[in-house]
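First chain written, first letter: the chains are A, B, C, D and E, and each begins at residue 1.
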Amino acid sequence: MPFFKTIRWIVWKDLVCELRSRETISSMLFFALIVILVFSFSFSMDQDAARQLIAGIIWVSFTFTGIIGLGKSFSSELQNDCLEALQISPIPKGAVYLGKVLANFLFMLSVEILLFPLFILFFNLDVVEELGILLLVFLLATLGLSAVGTLFSALTVQIRAREVMLPVLLLPLAVPVMIAAVEATRGTLNGDPYAFYSQWIQLLVVFDIIFTVVSFWLFELILDS
Amino acid sequence: MINRFIRYIQRYKGWFGGGAALCLLIGLYTGLLASPPDYYQGEVVRIMYVHVPLAHTSLLAYSVLFGGSIWYLWKRDPLVDNMCQAAATITAMFTGLALVTGSIWAKPTWNTWWTWDPRLVSFAVLLLILAGYMMLRRLVDDPDREGKYAAVLAIVGGVDLPIIKFSVEWWRTLHQPMSFSTRGVSISDDLLVPLLFMSAGCWLLFAYMLMIRTQMLYLTELLQAKKGRLLSQTHFSQSAQ
Amino acid sequence: MIAIQATNLSKAYGFYRIFEDLSFEIRAGECFALFGPNGAGKTTLLRILATLQQPSHGQFSVFGQDGVTEKDLVRQSLMVIAHGSHLYDELTGFENLQFALALRGQAFDPKTLKYGLDRVGIGAFGDLKIRQYSAGMKKRLALAKVVIGKPKLLLLDEPYNALDEAGVTMTNLIIQQTLAREGAVLMTTHDRDKAAHVATRGGILQSGHLQHLTREQLT
Amino acid sequence: MPFFKTIRWIVWKDLVCELRSRETISSMLFFALIVILVFSFSFSMDQDAARQLIAGIIWVSFTFTGIIGLGKSFSSELQNDCLEALQISPIPKGAVYLGKVLANFLFMLSVEILLFPLFILFFNLDVVEELGILLLVFLLATLGLSAVGTLFSALTVQIRAREVMLPVLLLPLAVPVMIAAVEATRGTLNGDPYAFYSQWIQLLVVFDIIFTVVSFWLFELILDS
Amino acid sequence: MIAIQATNLSKAYGFYRIFEDLSFEIRAGECFALFGPNGAGKTTLLRILATLQQPSHGQFSVFGQDGVTEKDLVRQSLMVIAHGSHLYDELTGFENLQFALALRGQAFDPKTLKYGLDRVGIGAFGDLKIRQYSAGMKKRLALAKVVIGKPKLLLLDEPYNALDEAGVTMTNLIIQQTLAREGAVLMTTHDRDKAAHVATRGGILQSGHLQHLTREQLT
């Protein structure tokens, strides 16, 4: 089947299933809220400490939340052995990968966009000016996480103890993306000049490209028996 | 056949609705127009007349949910289950409103929308428990188990109530300590009158909403049972052919 | 003696009714075979009798004990072989047998357990983890539980499913032994021929009603 | 079957399965390590900031790790429908609960004990004197988490989206225990006099008792169809 | 025309050999029924032919295309009905059918899809979520895929399992239609009687070897 049509069908299927059940996004949302709450309170932050940690809290909670969505992306294919159906369909497997990345990206991004106003409220952020850059950082980091995360979701779903193995395998690879995202976000929130943290944004772009291209090629091996 | 409690609700709910409207109107009038501004806080203090009753009521409402859940596990009356489901939604609404009004109040007084104060956190936790409760109800496939599991969650979640209540005592916090305590009332009469009316209004409003929502859930289920009878008949004929 | 006495049993999932007002009795020494089309509610009925699900209305008793209020006594006297094999992958066949019987309050010495494994033909594999068992071996281990545990009531959900001929014969033998010691058996199946060897009575569950079969219809 | 014998068999079964596969403890260990690593990176901490946060980091990572173990405790009963076998066995269900709590407690505690030396190394802690109190805090908090966690593990395992719902439902309830544990740990690590944080330890005891008693009674309802 | 040509197919899990050096061919218009005891490797063989698993040795081709090197072409011509129903619980029956065929590169207008649903008797439930389907209805939906998709090779793993009589008849009808349009069918089953109505050839897989059955043995 044509490449782009396959992507479209995969995305369509994931979005329709999600719109029907609203399971993934709502559970991601709750989970993120609770993680933020737990973090903030466990670190018993007063205003000053918060300023320093906020970027870290944002990305740790987004990453953990993202892992939940990524996990469901393929574990939902296990119902009724749908994963096998994908395997033996005469479709380009790369298109399945891109479709899944796109769907995961959309899920994660919508959760982040829903949560961001809460962050602003919770931590008294002042972000009106840098909103554009912040959005860019969010887009790039989320893309990176979902690019590599989709690959590992497909990989771990086919092994034992999959619920644990996804974070265990993915987190080490996500750390570079997270660090770059944290540094860029911290710079933006501190109101530093763009040049101070532009290198981190460039790094994010590089990670995105590497992760997407490599995963695109490896995905076929993982999905194909 | 319609449950007799549903009949009672049908008959008496108007009184609760009317009472709520009356008390809230008086409370709002005395609070917003008739009472003097606060010495320290100025006009801002008027948010109190909304915030405090809402917060009180949400705790009361959760207590109703808590009690109803125990009752349900004991008697297994489906109507009580409907009542619990209704109570959870309404409690979540009151809790949300109390949070929002508190937040609005916090901005001028503490100069921040939010702070990681124990009462605020434990109160937000209450909202999350309620959100989890509503999610849980959607995720149980077997309707017999739905009410039971939800009740279990509500009961264990009840641990949060005393924490909210006493957090201001245990921690030294920003938030106002209890003013109605065993040591007597610690605020002046000017403030007390509108506060009492607003509180009564919110409680009546809660009761009213609980009634109509319970009724609605009950009747919906009844309707679906009727529909189901038809659906099973088509299924039976389907498998017979 | 009456093994199962059901009166007006009904089951509905929410507003979707599976069956209504089923009344029947099964006596000790009888093997009742339950037939019926897909989705008729055979498994549901079996699970209700196994106290795994609640009936929506009606009641039943097992050897005189009420199935809703005295669950624990009912559970003492029954055993179920359903689609899931109720085995832990990490335990050996021997340990699984030991654990399963221990949960029923029956502690046996190793020799008896070994004998049970031998009886169903997997004595050589007692020290192998269940993970390495084939589907047929797992089914046989479940049968070993019945051989040693000697339940008074045996509930079987599609026992012949995916079993080869030797397995079918063994299952039928164990059913007959249960009947011989005045136990009762209820099984669901789509396979009339295989059931015909052991069933003493039968019925078809269809459109929410149970229709009893005569002796001739059964064989 | 007698109450204590049931407890013994349940614990025996869980321990033997774990000794054979070593899945739960090893995956918990890995997960905890990675979480700690991610935290240290994302919060890019210097020594002083670390001192302030360390108690929070310890308990956030232990709680998340614990949730993994708790989840497996009952999801492992889903293989071959073993949960059904537990349901229809004529055993006191409270004993099943206590057996599971005990097993989970042992798993979590052993992971914590294995990890603690690492914390000391990573963050240069000096704990020789207060080791006894610290151990007490660990015992109490872990008991509280496993008492309420076991109940919710049994509950969520029987619903849809169970992997997500365990943290979503459990974390809000665990927050009080976590707060008390964090405050007590912080006090101990700061070398405060015992009286300063004794109230938190009392609170932990109270939570343990409430959670255990309440869960013990409610568990029967959850396990029994 | 040769539909499946297998030469020296072997499969081993680690050092555990399931079967060795299987060679056989199935022609277009033939329905081959594969019997054999539990754990003989019937499902494994079927999954290898469906390109879901790799053979350890040997090769096979489907309508002239090599099964290992030209997987995508092979996949174009086959359809599998196995234990899993390959359906998404949140999609309706109609949407599931649409998606499944779209993945095979076959886009149909709604009318054709509706026709397919009607053909297998679940037209009335097309807009219901799969979650609410009974097991039998799901199996029928899988058959609808075959009715519309018209694959050249059909692989069935225990197709009669847990199906009632009406379902069995329908399955056999669809097999016959596949044969009529010069397709080929391979199925595994334990149920000789039901297979006898449609199978044109048969074999027993046992101890790692395939033993062909004669016409008389088959019926």
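Please note the rule applied: contacts are C-beta pairs under 8 Å (C-beta built on N, C-alpha and C of every residue); 3 or more make two chains touch, one makes a residue touch a chain.
All figures in this text were calculated on a predicted structure; none of them were measured in a lab.
Separation of chain D from chain E in touch steps, taking the shortest path, is 2. Summarising the inter-chain contacts, the pair of chains with the most C-beta pairs in contact is A-D. Averaging Cα atoms per chain gives one point for each, and the point farthest from that of chain E is the centre of B. Chain B and chain D have Cα centroids separated by 31 Å.
One inter-chain figure worth recording: chain C and chain D are separated by 38 Å, centre to centre, where each centre is the mean of the chain's CA atoms. Once the centre of each chain is set as its mean CA position, chain A and chain D turn out to be 27 Å apart.
Centroids of chain B and chain C (each the mean of its C-alpha atoms) stand 48 Å apart. Contact of a single residue of chain C with at least two other chains is seen at positions 37-39, 53-54.
Taken residue by residue, chain D touches two or more other chains at 160-161, 165, 168, 172, 175, 179, 225, whereas all remaining positions touch fewer. Residue positions of chain B touching 2 or more other chains, listed in rising order: 121, 125, 128, 132, 135, 139, 144.
Residues 12-18, 37-40, 53-54, 206-208 of chain C touch chain B in their complex.
The residues of chain B lying in touch with chain D in their complex are 73, 118, 121-122, 125, 128-129, 132, 135-136, 139-141, 144-145, 148-149, 152-153, 155-157, 159-160, 163, 170. By the touch criterion given at the top, residues 50-54, 71-73, 75-76, 78, 80, 82-91, 95, 99-100, 102-105, 129, 138 of chain C touch chain D in their complex.
Across the complex, chain B is touched by residues 148, 151-152, 155, 158-161, 165, 168-169, 172-173, 175-176, 179, 199, 207, 210-211, 214-215, 218, 221-222, 225 of chain D. Considering their complex, residues 36-39, 134-137, 139, 158, 161-167, 190-191, 193 of chain E touch chain C.
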